[in-house]
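Chain IDs A, B, C and D follow the sequence of writing; residue 1 opens each chain.
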Amino acid sequence: MSYQIAVLGASGYTGAELVRLIATHPYMAIAALSADRKAGMAMAEVFPFLRHLDLPRLARIEDIDFAKIDLCFCALPHGTTQAVIAGLPRTLKIVDLSADFRLRDPAEYAKWYGQPHTQPALQAEAVYGLTEFYRAEIAGARLVAGTGCNAATGQFALRPLIAKGVIDLDDILIDLKAGVSGAGRSLKENLLHAELSGGTHTYAAGGKHRHLGEFDQEFSRVAGRPVRVQFTPHLLPMNRGILATVYVKGDPAAVHQTLTEAYAAEPFLRVLPFGDLPSTRDIAGSNFCHIGVIGDRLPGRAVVVAVLDNLNKGSSGQALQNANLMLDIEETTGLMLAPIFP
Amino acid sequence: MSYQIAVLGASGYTGAELVRLIATHPYMAIAALSADRKAGMAMAEVFPFLRHLDLPRLARIEDIDFAKIDLCFCALPHGTTQAVIAGLPRTLKIVDLSADFRLRDPAEYAKWYGQPHTQPALQAEAVYGLTEFYRAEIAGARLVAGTGCNAATGQFALRPLIAKGVIDLDDILIDLKAGVSGAGRSLKENLLHAELSGGTHTYAAGGKHRHLGEFDQEFSRVAGRPVRVQFTPHLLPMNRGILATVYVKGDPAAVHQTLTEAYAAEPFLRVLPFGDLPSTRDIAGSNFCHIGVIGDRLPGRAVVVAVLDNLNKGSSGQALQNANLMLDIEETTGLMLAPIFP
Amino acid sequence: MSYQIAVLGASGYTGAELVRLIATHPYMAIAALSADRKAGMAMAEVFPFLRHLDLPRLARIEDIDFAKIDLCFCALPHGTTQAVIAGLPRTLKIVDLSADFRLRDPAEYAKWYGQPHTQPALQAEAVYGLTEFYRAEIAGARLVAGTGCNAATGQFALRPLIAKGVIDLDDILIDLKAGVSGAGRSLKENLLHAELSGGTHTYAAGGKHRHLGEFDQEFSRVAGRPVRVQFTPHLLPMNRGILATVYVKGDPAAVHQTLTEAYAAEPFLRVLPFGDLPSTRDIAGSNFCHIGVIGDRLPGRAVVVAVLDNLNKGSSGQALQNANLMLDIEETTGLMLAPIFP
Amino acid sequence: MSYQIAVLGASGYTGAELVRLIATHPYMAIAALSADRKAGMAMAEVFPFLRHLDLPRLARIEDIDFAKIDLCFCALPHGTTQAVIAGLPRTLKIVDLSADFRLRDPAEYAKWYGQPHTQPALQAEAVYGLTEFYRAEIAGARLVAGTGCNAATGQFALRPLIAKGVIDLDDILIDLKAGVSGAGRSLKENLLHAELSGGTHTYAAGGKHRHLGEFDQEFSRVAGRPVRVQFTPHLLPMNRGILATVYVKGDPAAVHQTLTEAYAAEPFLRVLPFGDLPSTRDIAGSNFCHIGVIGDRLPGRAVVVAVLDNLNKGSSGQALQNANLMLDIEETTGLMLAPIFP
């Protein structure tokens, strides 16, 4: 009685993470895997860590019989995703992990991704997949758009604060530290071990990172007025994990209380006691997000630190959580795996 | 209807790994955790990565009510373990992860561990816990002694070869590369990030590593004559994983075939196609052991490479596998979690 | 014709870095090394990477004949340093790397270091050792106090901006990422490879880091009014390097121009073209500090990113640069070594 | 009074390491740098860690005026190197870092590199550049062929033992652990931080690594009879460093004494006291090679462990050492830089 699942783009890190998670999910079975350039290969050749699983061979998308599929995860690059999803049967439930359906406004998409959106109808239909804030819409959706991993981290730290009005909306700063798997399995010099290990640097600084489009959209929606945050990401020599240090102006105790209350019933969002700050080491490999709050010596300033695993809660874990909702499976199913430490 | 489980020594890495694994085991519940020096603390204070679990507080061993416990994992240092286990109720099933009951011959224990064994009766009772080779004994045992992590890796590579007589018993060499968590949570200069990262060195070289006691005992037993291997461990800048490069003299094809046949039905031991060699990255966080065989350009020489996760298959995963057998639970229960990659 | 040099506290990382640098300095010779608990040992036993050097054995401080020493580097822990330096001959030039003489105001010392200062006269005599800003005083000083490594990084990014009034003095935020060698050769769980590698977390957050005392002192002095910055350090899985992301309000072009002009003649402070941001990988092992400036999409905000090697420019390189000045040696002597990459 | 130096292939790691070393060499000046695909760029754009140096722009080889060059380092890929060197003026001294001129026998080159050698006359002229064993020839040579980095490490451990006949020539085994910079700045999945960090695996196992050609050539030459060693390299998550664990049959004391005597006068080859084994951390960034010897519990077996920095003593440091000899500069000039630790 398993739902039949397809994963498109299974040769990338988020695709592999989906397979890893689905492998121990009691109500899902992997029925199809795609990877155009590696079609015909066994998944174990592409990802030997999945060697113990009995998986279908990688296929081209056009060779997959979607009639047998209940839900399709789409982990393809942005841009190409639009056409692929447009070509899938309308009866198929889809969780997309690309950036193609995250921004409601086609003009914003064009601005941040440098090309016009070709499927505005699909974009209008898509539900923004930040589970904890869009549960009802996600449960009823056919197409859910996974969030950016950095965008998820920042929103977990900030949405309740913006909603409750406990912070100054005009002076929010996110200094983010990201692990390298967020860049995908891409062959770039700065992602080589020899160049990345043992050091750190910024990337997409100066207000250029595309996840700002999500921040703008979501924070403005929550606030009911335009909100523009400052956001500087850094690349760190770690494989999994994001740590967002979020600087806000507001009463630290109120900030902590607001987050604590907002997430009291959330299984995956854990607010630490006031003054404790989290480490990425404590969430690696899991769907958990740990959030801490501390005040500064300067009165009226608070620091919120949120950590999550970019491949899991930031991408594939979130996608699975959304898929559970869409298939009317208990939301945490298959996702309560503990982090790996050390 | 869960079995009630105690973990003694829960503030170390193998203790924490046990908790991580048991947390998603369908038939086990953690009823007690001990850590003498940290008694009274919450497990989440000692290991924040377990923050999401509802766990008993750390207690002193003498404060645990063992009448309610079905099975006890003992992850204490060698030496102290003997007295602790001697003091536990005889009705309790015990899986020990220390070195105290691995060596059948008290003289060998004294030789390798530098002190006489104080519980020879318990030592005589204990079953050596290399699951795949002692299943029947383990299933019926009250006290099972977990193997050394390096010892397990070498034995998976070699036992079938020794048993079948396909290699020269007098010229076996194990060059082993070990991740740092095998050294435990010990405060030593050479385990600091600043001193270990980015480099490698040998340790306990020259035939001094204590796991040689296990190799001697087990290989001689299998061969029916004394077998003494050469063994050089190296410490690597990685947290989890052991890679054993095992050099043998024998026909490479026969070596490969022997291992393939021996492990054909094993759920956790995976022999790769001839010529493929495994990576520790592909088993990290899991109970799997990948084994590869290649021939050398020099005829009559084969190289066997075995990898496993020292904290999991090499310690806590093995312990849980044994506990499943002892409690008549299907052996793989709770252990089919995929490795984490990347 | 070499100056005779003593290094007190030679068994720590900054002591070893001093020895490494002095080893190729044409006008200095190491005449004495101290390490109380390791007295009697050869330096090569404590730091085998210095095996190729012909060095004096480690001695207790009281066994060193300071009459033969021209200049003494003191790399001892704060607190104990005060008494040691008070006991040294008044004729000796001293470069101190501890925190004991960085703060001019004894009340500030007591506040940040939790104990009263016992040598206020020495404290009054000491010159703050941020070379590029105190050259004349350092050249004439007997006792120079090395800066904190984080404090140096932040000051290189900010002092000219504060002096020129191009930024808002009431809204300066330093989000700092530090390599682990800054914590010294200390045996702490969170500095173990198993716990630190592959992850990141904050430390001394919330306005508690002691280097804030230096920021307060120096920035207020430069501004001629109290300046209080916000400062959040993070520990990264890298051995050497600090990256300070400094958020200021002011015109980005003016910020860049101010720094460029201020450092135009500085051999070790390199301001990158506007919009380029530096990486710690490009300064590791060297005395260089690279500084970049970028504007944000939010008008009136600039980000200054400064990187340096905490053990070199942040500690021992700075100390040697100061010693050169004190001995009337050309300032860059022995310090133009290129960084190591990769 | 500086020699004018050209570095061809300056956009790779060995090219950059040459520039780093030459930058502090008192008698050499960099007059030309080539990198065909990056011609026109500043070196600081390709390697920002060299930003502080005043260097010529990268040029195409054909645009370099070799009339002004005294010595040329050639750090180009094997295969293409042959034609380039054939086209250089006969008056130019050349130190080649590629594999093209390491093997004296063209048939061996064709066998190991899969293509015929196109410049057999140059190959016949080239001197094998293992400095410590070919000093006289190198000093008089026009063309010196740098050794493989693995080949150098193994030879330092073994040549005196083979020459003196203290070990069994038919049972030599080299298990080698190599840092990733040895693979160059190549864009391959297995060199990505996400795939390499935190794990290890073999490569070119089974007698297929090309440096075996050098071992065969040199060891047979030393022995006066064919010698074929077994050699298994492993890739480690470290950037610089090779550790060769060399297993030999012979008397350990004799092995140690032979190496100690052979290298007693060598400035860069350091034999440790018997029983001490070296770490790659202690030579990183330097031209030193540390060698240790230990006996095994099995009589008649010794383990020799040699470590060096693949980019320095294994490539560019060796090249500079050879260049010093060729230009009649004292051999250690510019090479006594201490390793970097931590």
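Here, contacts are C-beta pairs under 8 Å (C-beta built on N, C-alpha and C of every residue); 3 or more make two chains touch, one makes a residue touch a chain.
Predicted model, so just to flag it, every value in this text is computed and none were measured.
The interface with the greater count of contacting C-beta pairs, when C-D is set against B-C, is C-D. Ranked by distance of CA centroids from chain A, the top chain is D.
Centres computed as Cα averages put chain A at a distance of 39 Å from chain C. Averaged C-alpha coordinates put the centre of chain C at 36 Å from the centre of chain D. Our note on geometry: chain B versus chain C, Cα centroid distance of 45 Å, whole angstroms. Shown for chain B are the residues that touch two or more other chains, namely 13, 181, 194-195, 197-198, 237, 239-240, 278-279, 281, 284, 342. Every residue of chain A that touches chain B in the complex is listed here, in rising order: 13, 16, 19-20, 23-24, 47-53, 181, 197-198, 239-240, 267, 270, 272, 278-279, 281-286, 288, 290, 336-342.
Per the touch definition, chain A reaches chain D in the complex via residues 13, 180-181, 183, 185, 187-189, 191-198, 237, 239.
Residue ranges on chain C touching chain A, taken from their complex, read 173, 175, 177, 194-195, 197-202, 205-208, 212, 228, 230, 232, 234, 236-241, 243, 245, 247, 275, 277-281, 284, 294-298, 301, 303, 305, 342.
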